[in-house]
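Next up is a structure, given as structure tokens.
So that you can tell them apart, the chains are marked A, B and C in the order they are listed, and the count of residues begins at 1 in each.
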Amino acid sequence: MLDARTGLLLWRSLWMASAAGLFAIALGWPYAIFACRFQFPGASLFRMLMPLPLLLPPLMVAQAWFGLSHMTGPWASVFTFGVCYAPLPALMAARSLRHQSASSHHAALLLGPRFALFEMLRISFLPALVGGCFAFLFSSADFAVPDYFATVGDLFHVYAAEIFGHSRNDDFTAGATASLPLLLLGFLALLGCAHLQHKQNNFETQGGPAPAPLRLPTWRLSIGLGMSALLLLLLLAPLGRIVFETGMQGPLSDRSWLEVSGQAFHDAVSRGRADVLRTLSYAGLAGLFCLLLAPLWAHMLLHSKGKIRMLLLVALTLPLLVPSVALGFGSILMFNQPWLDSFYLSIWPPALLVAGRFLPVAVWVLVARMSRSPRNQEEVAALAGCSSWLRIFRYHLGPMRSTWFLAAGLVVAFGVRELDFAILLPAANQSAAVRYYNALHFSRDNFVAAYGLVLAVLLFLPVMLHAWWLNFTQSTDDNSLS
Amino acid sequence: MARLLPALVGLLLCLSCSGSNPDLVVYCALDQDLSEPLILEFEQRTGLKVQAQYDVERNKTVGLVQRILHEAESHPHADVFWNNEIAHTLRLQHAGLTEPYQSPAAATIPSAFRDPEGHWTGFAARARVVLYRTDQDLPVPTKLDDFLKPEFAQHGAMAAPLTGTTLTNATVLAQVRGRQAMLDWFAAARAAGLAFGSGNADVMRRTAAGNFHWCFTDTDDAAKAIDQGHPLAIRYLEQGDGHTGALLIPNTLCLLKSGKNQKAARQFADFILSTEVEARLAHSISRQIPLHENTQIPDGVGRPGVDFQVMDVDWAQVGAKIGDIARLLQTEFVR
Amino acid sequence: MTTPFLSTQNLAKSYRGQAVLEKLELQIEAQQRYSIQGPSGCGKSTLLRLLAGLESPDAGTIQLEGQVASTAGKILLPPWRRKTQMVFQDLGLWPTRTVLQHVVDMRKAGQLPNPKAEGQKILAQLGLDGLEKRRPAHLSGGEARRLAFARVMAMEPKLILLDEAFSSLDAENREQGFQLLEQVIANTQAAVLLVTHDPLEAERLGGTCLHMQNGGLHCA
């Protein structure tokens, strides 16, 4: 583990993931500020499309960008990760901007739009940084995208490939040892995020109207153009390329693009439909678990201190940080017993694994929201003699139902994307992710593009509904600088 | 919300309890789009209910093979393993997990592609070939050692030998020339300018896109690129007197000792190893090369031993060495 | 006859079809004190936001030193050029800025000389010395209020708008608040407009007392 080769791999992973995190911030942070707090043509559409790049598999985006630009090497991976994970800082920054106090915004606006912008930057900086940390975490664990960009030019690998290689070669002990540095780093990153989040709580209002978007007539067009360019980079260009790839053929082909693309979408729907339903059933069950578990865990985290809090954090984040292949093998060892036969073959093991692995994401979202809600809401209920269950689920979570469902929805979305342990578990094997990657590696490129789009649309629907609901229910101070 | 939650829980519980026990469990590492219709057809013909589990090439050997090995420790499930290559089937044989079965349907498959005791049977193979562009006037390798010459290497690519058929190919190379010679060969190829990609499909795509003049890949990947209408053709390596011939890697089918449905497993083996299925795989988009002597072959698929010379391989030795070679190559290539 | 510092003509504003202000006329002379009383929700805060330039009126005009600053649907003179500052009901402090940065930012924005030195002087005047590096979350209620006034003082505005600035305080703290305001007025020579629902506050401020009813203003 300590030789020059692994040291180099680790170093490369670190700088690539750090650069990817920074790039994600550079794209996502301004996107959030302008989409959420400035008036320009189509601003609400930009807000709605914000999470979409996160729903496209990074490998699909890598292929699309290679098709568009022929970029290769480590920087191409950094670019792809930055584009794919930009919604993380964007969403976190957007959430904090929604909770900026209207009066502090107006106090800044009395000094000029520059000061108002600075105040927006300051209020959303830490959340954007937290989003960047998550982008760092996800980028450091991914080796498929660097592998893809290593095909042209000098071959390079990242540290995650080393860990995976050990597992592939049956060296599970070596694999477990090799995964320790990333595990530790991931844990430190999450601790850092928790600290930043705690700090951020002081900066956000506990209620009241959000400030209305700023309207600067002279800058309206420029902002619209800049945002369009950003959206093109984040979403439209790769999406357009993927749509093109659904019907892409060589120059000697006698079939039209429409014919091939139509066939690819037909195959995607007819062959992949049952897999999608199966995937949604176990990912949905996992979401349901998290709907119940995440508030309890978040509540415990918020009300615990010192070592207990640290213990809760470690127990919570460990499943997210260990390689998912290890979770799959662990599940086989644990549940594959003669007396547990029906259970092992049912959707419960994948549902439990998805829930366990992605519970930290749901808890994170809820902790951030719950820590801002007034303590007295719950205290009044306690004085009235309500049970803890009612206090948490009715009085504490009641006013934040949208965040609560968003947390569970994120678990479902991540569960649908999960591949490595899906292969290993009987009920998850015939899933959307396995079919997608199986087709990808057997060069069924038209099908892969069409199926990827179908999955992205399917995952996007609830996100879009959530965004629409937020737009619909969100109260603003209903004014504008015109 | 209080009314919605129980309804959701009820729905998902119903989903979780649905389904019944299958009559046969097949673990299949071949392209799902190719194997799934065949498995469905087997179900229709026999009335048996088959539960199929698939693999992803990225996870080969940490996927289904590892799953069989792990499940075997406590409570095995698979009756049949249909592998799209051979080396890891041999691992299962070495682990004592395979059940011998000499399928009558495999009688006309050459003995080189069958285990003498019937632990596994090869069929529908892929050859390691050079896929090259027909619209460029550049030299195309005819033998492996051409890869070491800059005039060839600088325009070509192959997958890094870390998994799949490329790893099998490297193991065969180590067996024929020796371990150090194999490592030297890869070092020399890299020094000559040969590009190493992440997988066969990737280097194929890059060749189809025009990034390379040629690539060293499998016939199934090559067939897909040609089928898509790219100006490409394939060349078998090491042909002619004094040459070893092209490496042919078959699909393999083995019955698992712990399988609870041995009768159905044998029925399935008879069906999959039939000339009819081989012909269908040969006519499929993957153009799998039939091993039965009497299978109908479509245009564009070579007949082994007739249209191209095939390399003799001691598969048992390959199976025994592949683990060590994989570890060795990981330290060489993962950097 | 001299031009008033600020005047409104036929000012109207409605929200979701409901009229809040109708044909409102108001004149504010330089260095004078005004208070507007009225029940909650009658449009007092809306009027302040219109005067500050944070919103545009639906009809009518606002003139500042003889120049049209806002007209129907348009803000011609943006808030940052109106020489106006506002103390919000919830103070509107900037959570990420330190106490000193609050006042320095104001002076920099107003392009006033010696932002740091003058800022420190203002903080000392209002009893905030020693708290320069603290952020609003770490100030007591009284300290935060003093900071809100320090911020106004640092800008040297010509008009100070107070939006229920003392409503949530007990009698003792309210008196301290008014003393603070007197200090700011003495330093800036600004006109003051206080909106409140409490007649005692209006009385305490002195100057012209107005009453808001049915979207218009009447002398109390």
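Here are a few things to note about the model shown:
Heads up, the rule we're going with is that a residue touches a chain if its C-beta (ideal position, glycine included) is under 8 Å from a C-beta of that chain, and two chains touch if they have at least 3 such contacts.
In this text, all values refer to a predicted model and were calculated from it rather than measured experimentally.
Of all chains present, the one whose mean CA position sits nearest the global mean of protein CA atoms is A.
Ranked by number of C-beta pairs in contact, the top chain pair is A-B.
Most remote chain with respect to chain A, judged by CA-atom centres, is C. Chain centres here are Cα averages; for chain A and chain C they lie 43 Å apart. Mean C-alpha positions place chain B and chain C at a centre distance of 77 Å. Distance between chain A and chain B, defined via averaged C-alpha coordinates, is recorded as 34 Å. Those residues of chain A whose C-beta lies close enough to touch chain B in the complex are 5, 8-9, 67, 70, 144, 147-148, 150-153, 155-157, 161-162, 164-171, 248-255, 271, 281, 284-285, 288, 291, 325, 329, 332-333, 336-338, 341, 344-348, 351, 401, 419-420, 423-424, 426, 429-430, 434-435, 437-445, 447. Remark: chain C residues 15, 49, 52-56, 73-75, 78-80, 84-86, 88-97, 105-106, 109-110, 135, 137, 151, 155 touch chain A in the complex.
Listed in rising order, the residues of chain B touching chain A in the complex are 1, 5, 8-9, 12, 15-17, 19, 31-34, 36, 51-64, 66-67, 70-71, 73-75, 77, 157, 160, 162-163, 190, 195-199, 201-206, 208-209, 211, 220-221, 224-225, 228-232, 286, 323, 326-327, 330-331, 333-335. Those residues of chain A whose C-beta lies close enough to touch chain C in the complex are 101-113, 115, 119, 122-123, 125, 202-204, 208, 478-482.
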